[in-house]
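Listed after this line are the structures, all set down as structure tokens.
In the two assemblies presented below, subunit A is common to both, partnered first by subunit B and then by subunit C.
What follows is the complex of A and B.
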């Protein structure tokens, strides 16, 4: 398994979501995608989509207004 | 102080009120209540973008210019609003409240951050998008608030028509975004 960082800092919705969806498609089951975001809307739609798609999601607040959404590809 | 911050971060009320996004239903109910309050107190439904056009007019007037002859500002209503001025305009106060309120909310959630520009492309997309939105909102006699939300809230058919084309525009816009700006 590998861990991939996706830099979406400075990007507004819906770009972080679209980028994450594309990137996750390239990964294999068991891989972990870490999406760096600083747009609070993406904090809602990105985890929501990933959870609905059945992946494991964790959110870490790394700084003021900056988050890492950790998505483990399950299927 | 550090102890307080740690305690606050774990406090359920702080989390529910300030840290986490409010549920969509809470937002919908509050928007409806404030729409009614706005209509009852100011006599017109909620609008956002028309106010910015007025701000533009006041800026031109502040530099000695005049918009009397502009078609958009030619009506008596528009002239009366401009004559009353910045501080006597309910929409202006509301928009300032929006900006200050958004700042307050992001500060309370300790989510304030000045974002870096990612690329020249992003700058072009932002300027182009802003111009199209502003120009389109004036041509359409309203934005997604004044024409769509307030239109439907006033039981006007125009709100629904606006809504249909809002979705068409959103589909075309997102295709362009993915194709050219990502």
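What follows is the complex of A and C.
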């Protein structure tokens, strides 16, 4: 089980979602992907997409307007 | 390593075998848990935080809710020049933070409202609390047309013009819908896109939007309208390429090549997790009374998730304020009830009267006199039914004024409407350790 950081700081929609989808495909079940974002638009689609895909998601607000979306790959 | 602190069970071999679903959840206690960080939830948080309640707000995506989907808000008082939705909600959030509200960014998976301790469950935690405020709002409705799911999430279909407008600079986009949101967001999109094609279900010239928006839209050279149409299917490869519209009058299918499609056809309430637990309308909105009570003691609902007429930020704010204040009152009342009225130290005598009923009111001095006669053996509590109906409700008894509840060890042992001096002495003498002579 590994933990992978994905730096999407400074990137606007749709890039963070596209990158996260690609990265998650490479990971194994049980791995954790942490996507760093600072564009609020990604907060609206990335967590929702990951949850709908069945993964576990929690977000941490690391600073004002900066988040880490923590996705645990479930399937 | 983050995983260690996020999901401890995953890292220690023994627990790992049990599997992820058995992962033990951490239990935390709060006074109030607010579900949803939109205008209503954040307002409730400001009121609860300011009342010094230990308050937790749980939001599953971006703090601010649906208001962050719009570029310009012109009807929220206090901002005569208008303000962006995201900017406004950031101010709400900042204000709630000032009152020490705690925030968690995760989705609530289930709730348990039975009993005095309510439980709100997320993927890693169980939050126990005295009161819950539901402000889970709504989400955009989808058309249900063929292949729609294939193009959600940045594959071409969007519900948020502010989020995706810039990515559509010089592109051709379609807008579905003709209400205020559709027309206003469509006009906003013309600042970026080269063409905005609007699919309207109604006859030529007819829209659901307000008259000003309608006229502006009809005069906007970048906007084009396809009347009497609905979406039949979405087509393309990885990304959306064509929207097939269907003309409702002729049945004809009209393929329109676009780069993106924005849907603004209304909203659906986020109430799945409350099914069977709260009363809901036919359309699955939560039914409350005017003080946001859901019918389950200690559980309130506010904002767009309620069955109500006008769903706007200003009304969400009003609802949130009421829900916050009511939750605070409920918690205070729960404490008075448990610690004072149903105290366990002495034999209890709870006298129910009504401030507007003179005979019952006039008996108060006698009750106090009797309490005093028993020294520290008896504790008198009085409930004014006129003002404290909810305390009466907690005794789970619909009684007339001039009723006495006798308690022992915090349990009601006798309910009596005999309020004359001898009857009361008789009753109390049966209950206390050291009976006394009746005083005059």
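In the analysis below, the second predicted complex is superposed on the first by the 75 of 75 C-alpha atoms of A that agree within 3 Å, B and C clash if a C-alpha of one lies under 4 Å from a C-alpha of the other, contacts with A are read in each partner's own complex, and residues count from 1 in each chain.
By definition in this document, a residue touches a chain if its C-beta (ideal position, glycine included) is under 8 Å from a C-beta of that chain, and two chains touch if they have at least 3 such contacts.
Not measured: the values here are computed from a predicted model.
In this overlay on subunit A, subunit B clashes with subunit C. Contacts of A:14 after superposition: both subunit B and subunit C are touched. After overlaying the two complexes on the shared chain, residue contacts for A:56 are found with subunit C alone; subunit B is out of touch.
Contacts of A:43 after superposition on the shared chain: both subunit B and subunit C are touched.
Of the two partner chains, subunit B is the only one that A:66 touches; subunit C does not reach it. By the touch criterion defined above, A:4 lies against neither subunit B nor subunit C after alignment on the C-alpha atoms of chain A.
Annotation for subunit A, partner touching more residues between subunit B and subunit C: C. Superposing on chain A, the segment of subunit C with clashing C-alpha atoms against subunit B, chosen from 3-11, 21-29 or 165-173, turns out to be 165-173. Residues 14, 18, 40, 43-44 of subunit A contact both subunit B in one complex and subunit C in the other. Looking at the complex, you find that subunit B touches subunit A at residues 21, 106, 109-113, 115-118, 122, 174, 177-178, 181-182. For subunit A in complex with subunit B, the residues that touch the partner chain are 9-11, 14-15, 18-19, 38-40, 43-44, 63-66. Within the complex formed with subunit C, the subunit A residues making contact are 1, 3, 12-14, 17-18, 30, 32, 34, 40-41, 43-45, 47-49, 51-52, 56-61, 67, 70, 72, 74.
Chain contact summary for the complex, subunit C toward subunit A: residues 1-3, 6-7, 10, 20, 60-63, 68-69, 86, 103, 105-107, 122-124, 153-154, 160, 162-164, 166-167.
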